[in-house]
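The structure that follows is given in the form of structure tokens.
Every chain is named by a letter (A, B, C, D, E and F) in the order it is written, and numbering of its residues begins at 1.
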Amino acid sequence: MSEYKDNLITKSDLNAAVWRSIVIQGTFNYERYQGSGWCAMIAPILEKIHSDNKNELRERLKDNSGFFNTQLIMANFLLGLVISLYEKKADRKLINGLRISLFGPLAGIGDSIFWFTLMPIMAGICSSLATKGNIIGPIIYFLVYIGVFALRFFAIRVGYYTGSKSIEKLGAKTGELSTAASILGCTVLGGLIATLVSFQTKATITITDSVSLSIQEAFFDQIIPNFLPVVITILMYVMLKKKVSPTFLILLLLIGSLTLSYFGMV
Amino acid sequence: MSITLLQAFLLSLWAFLSGCDRMVEAFFWFRPIIVSTVVGIILGDPVNGAIVGGLTELAFAGLTPAGGAVPPDPVVAGLMGAVFACTGKISPTAAVGLALPFSILMQYIIVLMYMAYTFWMRPFDRKVEACDVKGIVRINIWGTLIAGVAYFIFAFLATYVIQDVIQKAIDRIPAWLMNGFEVAGGVMPALGFAMLLTVMYKTRYLPFLIVGFLAATYLNFTNILPVALIGCSIAMYNYFFGRKETGDNTVMEEGESNVGI
Amino acid sequence: MSITLLQAFLLSLWAFLSGCDRMVEAFFWFRPIIVSTVVGIILGDPVNGAIVGGLTELAFAGLTPAGGAVPPDPVVAGLMGAVFACTGKISPTAAVGLALPFSILMQYIIVLMYMAYTFWMRPFDRKVEACDVKGIVRINIWGTLIAGVAYFIFAFLATYVIQDVIQKAIDRIPAWLMNGFEVAGGVMPALGFAMLLTVMYKTRYLPFLIVGFLAATYLNFTNILPVALIGCSIAMYNYFFGRKETGDNTVMEEGESNVGI
Amino acid sequence: MSEYKDNLITKSDLNAAVWRSIVIQGTFNYERYQGSGWCAMIAPILEKIHSDNKNELRERLKDNSGFFNTQLIMANFLLGLVISLYEKKADRKLINGLRISLFGPLAGIGDSIFWFTLMPIMAGICSSLATKGNIIGPIIYFLVYIGVFALRFFAIRVGYYTGSKSIEKLGAKTGELSTAASILGCTVLGGLIATLVSFQTKATITITDSVSLSIQEAFFDQIIPNFLPVVITILMYVMLKKKVSPTFLILLLLIGSLTLSYFGMV
Amino acid sequence: MSITLLQAFLLSLWAFLSGCDRMVEAFFWFRPIIVSTVVGIILGDPVNGAIVGGLTELAFAGLTPAGGAVPPDPVVAGLMGAVFACTGKISPTAAVGLALPFSILMQYIIVLMYMAYTFWMRPFDRKVEACDVKGIVRINIWGTLIAGVAYFIFAFLATYVIQDVIQKAIDRIPAWLMNGFEVAGGVMPALGFAMLLTVMYKTRYLPFLIVGFLAATYLNFTNILPVALIGCSIAMYNYFFGRKETGDNTVMEEGESNVGI
Amino acid sequence: MSEYKDNLITKSDLNAAVWRSIVIQGTFNYERYQGSGWCAMIAPILEKIHSDNKNELRERLKDNSGFFNTQLIMANFLLGLVISLYEKKADRKLINGLRISLFGPLAGIGDSIFWFTLMPIMAGICSSLATKGNIIGPIIYFLVYIGVFALRFFAIRVGYYTGSKSIEKLGAKTGELSTAASILGCTVLGGLIATLVSFQTKATITITDSVSLSIQEAFFDQIIPNFLPVVITILMYVMLKKKVSPTFLILLLLIGSLTLSYFGMV
């Protein structure tokens, strides 16, 4: 904690940045994503550091107003890191390069943990209470995510101190941690496809007048349970890779479902 | 039961609050499980609100905005689902299905808004040029609030202004259409996951997808936690015992693929 | 019901075709599931044919010729099983068991044939010496056809010439013998797998055997696909994340152990 | 595809070789295994290449008439590879050495995939239909294996182009791929032992006059399900390793089963 | 039924024998499954003895002395549990719970004994100095026997001298206390495992703990063997295919952490 | 076996040492653990080797009388190793260093195999027989552990011959084997926590007069089965790490269980 003593940026500057991080997506748009929001997070800090030199400040603000997109806890971590480097008067290009090269992997790590793992777990636990009409479910959900927000205060500090130590190490570790997060993310993703995508056909093949065979049970379930959800997910993936727009695919799924439902096949 | 003006106003206010949160993903009271429960409280039927909220939450757990994607809207899904279940004689399950088209409609509105906000980048760049730090912060607050207002209007229209139209439409909706919406709701996450895959998928991660799929298919659990624990174990094993990577290029590689979304 | 001459001829013709395929493993219509179904069609009872075919296929899925081994014969198993089930009053399960001794008999005939064909290598070598390319190809076609003829004869004898003898034997067969054949059919794959192990087994592959065994024992599935997916995942993980091997010597090592079969 | 232009061996030569590959086991015997069949696959190709030099042709034919044994799709892959090397006038010994050192590992890869994995999967899916008397089961089976045969046309091309590239690389990769195939094969094998070998004892121990204990349930199943199948498989393996002949072991299993059945123990 | 002097003497003798074995962990007849069965035989009720022995063995399988720890005493647990089940009208399950406080008492006596034996190290060191090899061996034999005598006395007191006191106490024991002892017996292994973890746990071993936990939670098995097989498979995989470690320092590291217990 | 010929230490010396190993814990105490017992195991051997030099003998005995603690089969293995080194007249410090650096990892290996794996397996198999009142359970248990004792005769020999070969190799391998044993041990440990620690709450939340919610089913089981056993184990671990005495923790668990039972919550 002694680090704060001689430093320009105080504990309360960091906390204020976290509060500003609430609106990091306030002007989210397809040109910059969180770029303009990130700028709002860092701007007052830069103003304090470069209070004596407006030109320098302008350059730095420009550096921090381009495309940016990462997971929100990680954004705070990255902010702490960047601040500590500014204070250390690290090379301007290095700082910006680091920021740009890190937000992607950090998004991967953060999304794996918070969107793909924590959220379905919370959904599972709390919904099982809620769907019994029990209001404790939503309450626990609410409290946990207040805790998650509080993590931002922690993340910005971790970033700040990590930056004070060695950066080279960090680079190497980011690679490994990113792999670890991808492993976690993909495992959960595989599980989510099996649990959250639901699709079954009701189609049957008539063998004799009285006997008919359910295609779902007699064929798809024989291959592997959840076969159709996997196939549909792969199909969507392939189409996305072929640059089919998600908007079109949503309509496709919607109209497809309605049509199949009309013919009694789902 | 029809919705009173006061109720409609409260619902819209709540839509405003959760819409803002949906925009900035800060406190997660924009998730259906919370939205529906509060709607239930406003309409005097918290139990049905919580039930619809739980069902919608489960259906929407896979529809994440990760990577900047826009999924069917969770706020509107939670709002309309709870409204249907608490005011009509519609079962919670059917209510979830009926809310889907509304939530898709809002999704498109958000996409339009993300496009519209692009034009805001000109004044923003001028503020940067002028070193107007306060202005830079303020513009983001305004962006958030405007999004909230959009939700307010949407909610007021859907729950009050055209509530009779909607009610009549629902009364006449045939069974196959109802069922079709439910099926669509069930299959929609496939797109969400496919979008994730375009970001995360590399051949070398295929094994983990398979393992997760098999675990979820053959283990009998109540939430995804055990699958996450398995993923965690493999990740840690690889971290501590696996081949060390050269690192740097990996970072770049992954970074780039992520930027592209 | 007894088999007519025409039926016997058709059965033998089919045995010829599937016998050729059994010899060269080209189109896999020599597998019991196909053989039995066609037999059922010839005998006018495709349903019982398909049932016996499915049962036999399952029982024989582990009895592979990998590495040049000769397993109990799949063609004869499929043929005789279907014949018993479609003509007698024997249940499909019992028919599978009863077909086993015939299939073992044919297995020995094939072993003898593989031995006999050794003598064919002298004329073959002479054709090589003479650069008689056409002859080299033709000798392999003849080899295939001759094998087919052996199946034709076997089928004609078993299904027509001595069908009464067999029928009488079956009528008098005691329960314990019937049961014994079924048990033998169930345990026979152990030998097939043991033969595979002599080819594939190395201490370092033990973990995968164990994992496959446990997965198949504790997961509740309809076919081996999930186990194959697990194996696939581990193999891919090891390929992408495992320690790199020096390679060359491994190739030799594995090559040699495989040649020896 | 431009590779074909200046080359002696044309697309239709490759296709003809695949058709000849049908009879690669036509004279299968204990001296050469598929050796004589392989020779029939490659002979017309060699004739075309060495049309001007009968002595050279004879040597090459002799090279290709010894012991050979591999999985049949892989045989086509290997043929493509070897052809491309002949065309490139690679050293005769190198070609033959490569062929001999590769067929083993390739057999391992191919057998793991086609015999030990694909077949039991197809058996599982199609038999579950067939045993319900549904003829769709056999039909799907048939169609899939027609597709598997068609893979030969693909395999010979892959081999042909791989050979055109670097061979050293291939060597290293074969090792890794072979390990991968062994991992797959052994996993499935473990699963097959548990699912396809079935053996249970009906023997009981009499405790009192009215109470008796099933040895299967009270003892073997307590250790681990499928205990006896594993033990029998290991036993067979040990005997095979001790050079007991498979023929003898088949009789042993048969007579053993009948005897135990006679005494009501199975 | 009350215990006769002869029976008490035999029980105490058996306690002596198994107590010696408990001290030196040589033949493992000190485990509850053996102790209780023999007690059952002595008291003329081997069936109830075996039942209590099995239950106690299961409950105590996690309470190991690894690393020099002293767990609740297995000999006394087996002895008293069987005594309660074979002489009173107490069900085997309740008997296991009731034996727990006795076994904890004996645990403390052993701890005291391990402390007391410290003083024996002075004469021992003198024997070393004097090169009295026979004396060095003899001192260890005496140590074993003395421990056995402690068990003899404990058993004689508990099963004979104060058996009436105990009986009366048991007659008056309320249901919640009984249940409380059972619960305590169920939760006690947590401490045993936690003690193991202080020895074995490192962050990099966490994945294996998780995998073992999940396997045991979701697979439906009768004994821990499949989990052990999974552990074995991972260990072998890592040994044969994992990254090679530098070795030497690892040895030291692990050695030291183990010494510390 | 030819190794014995010229050697001082005979087969029967090794066997005698195994019999002495019975009392290796005969004076187990908190100062030396098995130190005094180990000394008894090795003393007669040292006497034989240094029969001519009492001073030397005294030094060696002192070397072997300090703190020592390992798994008992492994102790015999280590004894074989040490004896072979003494015979080879290896450096005294090296022998003692080796002995001290090896007993820890060997304890880890041995405990993982014998305490944490074999014992729960035997408990599972034999108890399932015993709890049906079947005396075969204890008998099998007894026989297996007689076999385990017999392993000591084998272990001492393995140690003796390993020592005769290279020691450097052993050092490297001990590291890897120790890792392997830890992996096995931790996997089983995780399983044991799930199977052998049992704790469930009977507490309920009253929603309406007639409806009440079981906390165990509605909450803890929703998170993950065996949730409470894991939490309690982690709690115990944390307290042990904070130097809380095990004795205190046993009392805590006992009194806690009784109290909760009194209030009907377990």
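To be clear about the criterion, a contact is a pair of C-beta atoms (placed from the backbone, for glycine too) under 8 Å apart; a residue touches a chain by one contact, two chains touch by 3 or more.
If you're wondering where the values come from, they're calculated on a predicted model, not measured in any experiment.
Mostly differing positions are employed by subunit B and subunit E in their mutual contact, as under half of the interface residue numbers are shared between these two copies.
Between the interfaces B-F and A-B, more contacting C-beta pairs are found at A-B.
Annotation: 55 Å between the Cα-based centres of subunit B and subunit C. Subunit D has its Cα centroid 12 Å from the Cα centroid of subunit C.
With centres set at the average Cα position, the gap from subunit C to subunit F is 50 Å. Shared contact sites, meaning residues of subunit A that touch two or more other chains, fall at 124-125, 128-129, 132, 134, 222-224.
Within subunit C, residues 208, 210-211, 214, 217, 221-223, 225-226, 230, 232, 234, 236, 238, 242-244 each touch two or more of the remaining chains. Each chain pair that touches appears in this list: A-B, A-C, A-D, A-F, B-C, B-E, B-F, C-D, C-E, D-E, D-F, E-F.
Within the complex formed with subunit C, the subunit E residues making contact are 219-221, 226, 229-230, 232-234, 236-237, 240-244. Residue ranges of subunit F in contact with subunit B, taken from their complex: 221-224. Subunit D meets subunit C in the complex at residues 20, 22-33, 36-37, 39-40, 43-44, 46-47, 54, 57-58, 61-62, 65, 67, 69, 71-72, 100-105, 107-108, 111-112, 115-117, 119-121, 123-135, 137-138, 141-142, 145-146, 148-149, 171-199, 224-226, 229-230, 232-237, 239-241, 246-247, 249-250, 253-254, 257-262, 264, 266.
Residues 221-223, 225-226 of subunit E are the ones that touch subunit D when the two sit in their complex. Remark: subunit B residues 203-204, 206-208, 210-211, 214, 217-218, 238, 242-243 touch subunit C in the complex.
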